[in-house]
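This is the structure I want to talk about, given as structure tokens.
Residue numbering begins at 1 within each chain, and the chains themselves are lettered A, B and C in the order written.
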Amino acid sequence: MSNRYLKEKGIESLLFASGAVAVIALFLLCIFLFRDGILLFSEYPINSFLTATKWYPTAEPAHFGILPLFLGSVIVTIGAVIFSVPLGIAVAIYISELASPKISNVLKPVTEILAGIPSVVYGFFGLVILVPIIQNTLELPTGQTALTGSIMLGIMALPTIISISEDAISSVPRTLKEGSLALGSTKWQTIYKVTVPASLSGISAAVMLGIGRAIGETMTVMMVTGNSAVIPGFPSGLFAPVRTMTATIALEMGEVPQGSDHFHALFAIGSVLFITTFIINIIANYVKKRYRFNL
Amino acid sequence: MFSNAKLNEKIAFTLLKIATGMVVAFVMVILYYIISNGYSVINLEFITSMPRNRMTEGGIFPAIMGTAYLIVGSMAVALPLGILSAIYLNEYAQSGRTTWAIEMAISNLAGTPSVVFGLFGLALFVKYLGFGPSLISASLTLALLILPVIIRASQEALLTVPKEYREASLALGVTKWETIRRVVLPAAIPGMITGAILSIGRVAGETAPILLTGAAYFLPRMPDSIYSQFMALPYHLYVLATSGTNIAQTRPLQYGTALVLLIIVLCVNIVAVSIRSHYRNKIKR
Amino acid sequence: MPENYDNGTEVEVRDLNLWYGENHALHDISIDIPKNSVTALIGPSGCGKSTFLRCLNRMNDLVKNCRIEGKVHIDKQNIYSKDVDVVDLRKRVGMVFQKPNPFPMSIHDNIAYGPRIHGTGKKNIRGVVEEALRSGALWDEVSERLDKSALDLSGGQQQRLCIARTLAVRPEVILFDEPCSALDPISTSKIEELILELKKKYTIVIVTHNMQQAARISDYTGFFLTGELVEFDKTEQIFESPREKATEDYITGRFG
């Protein structure tokens, strides 16, 4: 008896230890990220880091202003949202409300392909196909612009937005829709007056997660946005090169001496990025929890 | 009035169809460009030979092997850990603060940008633990990156196992762990494998984390230990496309590399989806 | 309350109370269940009869926020005492569920599952499986296809398979939780015959919402209402001259 009991308890402890790895990993991630990030502020004032408008890491004296990079991430993400949210929601409505089961069974895997394509392939595609198109049609000096990044990120965020919105829309009880149809509303009136409002918090969660995905994306933006660290105007900045937080880390980490101010500055950017996505995730989870219909 | 509503509906539905058509078109256009341009480059030599002449000729063999090593290394760590975590969360954990903390950690890890994982891997594995830029640093970093994916997929697989199986086994005087091992796991394994395979695609395609933890710009040899640097397909594509010695001339090589990468990822997805649908049909029976 | 059973008492319950969180689901249940006989528990749905049944093999341990007070003795041993191993208890007290729940394995492996884990060697397993299937009145129907999936059997066969699977662990007591509610009349009568056969060797407690079934197969009947045991007596007594008004109302169908 006690032997078997010990074995069961031993196994449970092992399983618990595995479960704890996720917590430990997150904890260590915070520590190691913030530790190297904070070291910057012993040499460089945190105020300047947050508010200075220049990112000249190799100048003498160096300027580590995160603002242009942060705003670069923001403008690319906003562009991506404007592009992908309406499109994604439209597709989600089409799949869950209009398409026959046969068609939606084809459409779903097709959108899943978008989720599977590696970001570097998106970046490559954007670089060789979209960049020249943008440059020629808009007659810009370069096609590597925030807009290019936004379009590519928008495409990449589509599968997230589509699948979660589709879940939310499908989970609206049929009785609710039938109630509206029985009152003589058309199918479309039912969709936009009943179904979509009822699944709004699920759709918002989808949008939040799409934003999280876009703001954290690295390779694609690095390959198509031109990477010049200037504060973008809006909306004119969409048509000029920008540099995001993620691209800065990936571009510069290879060239900095470990332990230098510049090295720590990149960790400080990483910390800001992490905190930003952390907050977005918390909001997304919060709205997601509220949308399920309890039937 | 009535016909107005009808007209609106018609316009709206047309717009929805156009939107869906656009998204399908994106998929087709991206696949078309990569496949049609890469197709002629891929042959046995391209896949099995080393890059030559400063990467302007030759193949991508070391990059393929590097990616294969990364897949094996990260799965060896993340798969057992992820499955065991999922078993703990679904079968043992009581709702409480600890479980809340684990769930919260998983969903936040899942939402953390991959470049941040790269920084973490650089600080912990490369620097602090002294592994240097190496296969092991990159594999461990990728393992943490896909851990949430594997846990979530395994949890879903466990949820599909009917409660009745567990009750029946427990009522026969079988312990909880034996019940899980002999009844619950066999029923959940196909779903878990699907999740695992999907995360292989993720490992194969991730660039930013390995860029910071050990991927090499160019290596004229294969990695000889887990502490060596390595080449990998996605980083190789990035290098060729943005900072190679002759970007325009190596365009075909870039398409070829992109296509190989795409084939790996798509095959992995197809395998995973077919396992899933095969298994679903079996359940329905 | 009947006492001095011919075969002695198997299960002795005193002042059993059960809560699901704040919900007081069972009130002061006291009952003596006789050995080698069939005891039926009847009552409207939600009356607590299944909850009570699940106290006897501690399946309620699996339910969150479930709290139990009182004594349950099986074969003179308090099953809620600290030194009792739940796993051993469930070997002694088997259970057959409302919906047939065979494992997704072959017929043979379903039966062999329990004995294998409890240490029956390879050599003996075939004999154990055959014996259990014979006792479960299923052998003649499946002996030719033991390696086929149990999920391909009919509902009634599946339920007899589940009974045989329980028998293979050699319990003393078998709990049936509405075993026929998902079955057709012919399968039901097969199960009822089987239960009458099994009582020679086992103590049987069966929860049923079917009064005719209780009348047909049980020796003793308990009537539950809103978490209380209203009346417990010989089955003839309950059905012919119940002492309580509530019992009579329920049996004559004048109830809700």
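As a working rule, a residue touches a chain if its C-beta (ideal position, glycine included) is under 8 Å from a C-beta of that chain, and two chains touch if they have at least 3 such contacts.
Because the structure is a prediction, the values reported are computed rather than measured.
Colleague: Compared with subunit A, which chain's mean CA position is the farthest off?
Modeller: The chain farthest from subunit A, judged by C-alpha centres, is C.
Colleague: Please find which chain has its CA centre nearest to the centre of all protein CA atoms in view.
Modeller: Minimum centroid-to-centroid distance belongs to B.
Colleague: How many angstrom between the C-alpha centroids of subunit C and subunit B?
Modeller: 49
Colleague: Subunit A to subunit B: how many Å between their CA centres?
Modeller: Result: the chain centres lie 17 Å from each other.
Colleague: So how far apart, in whole Å, are subunit A and subunit C when each is placed at the average of its C-alpha atoms?
Modeller: So the centre of subunit A lies 55 Å away from the centre of subunit C.
Colleague: Would you pick out the residues of subunit B that each touch at least 2 other chains?
Modeller: Within subunit B, the residues that touch at least two other chains are 175.
Colleague: At least two partner chains per residue is the criterion; list those residues in subunit C.
Modeller: In subunit C, 87-88 touch at least two other chains.
Colleague: So which stretches of subunit A touch two or more other chains?
Modeller: If we look for residues of subunit A contacting two or more partner chains, we find 4.
Colleague: For the complex, give me every residue of subunit B touching subunit A.
Modeller: Contacts found on subunit B: 5-6, 8-9, 12-13, 15-17, 19-20, 22-24, 26-27, 30-31, 33-34, 80-81, 84-85, 87-89, 92-93, 101-102, 105-120, 122-124, 127-128, 144, 147-148, 151, 175-177, 201, 204-208, 211-212, 234-235, 237-238, 241-242, 251, 254, 258, 261-262, 265-266, 268-269, 273.
Colleague: Can you check the complex and tell me which residues of subunit B touch subunit C?
Modeller: Where subunit B meets subunit C, its residues are 94-95, 162, 164-165, 167-175, 178, 182-183, 186-187, 285.
Colleague: For subunit C, which residues count as touching subunit B in their complex?
Modeller: Residues of subunit C touching subunit B: 57, 59, 62, 64, 87-92, 94-95, 97, 99, 101-104, 113-114, 117-118, 151, 162, 165-166, 169.
Colleague: Enumerate the contact residues on subunit A facing subunit B in the complex.
Modeller: Touch list, subunit A to subunit B: 4, 7-8, 11-12, 14-16, 18-23, 25-29, 32-33, 35-36, 86-87, 90-91, 93-95, 98-99, 107, 109-114, 116-125, 127-129, 155, 158, 162, 186-189, 191-192, 209, 212, 215-219, 223, 246, 249-250, 253-254, 258, 266-267, 270, 273-274, 277-278, 280-282, 284-285.
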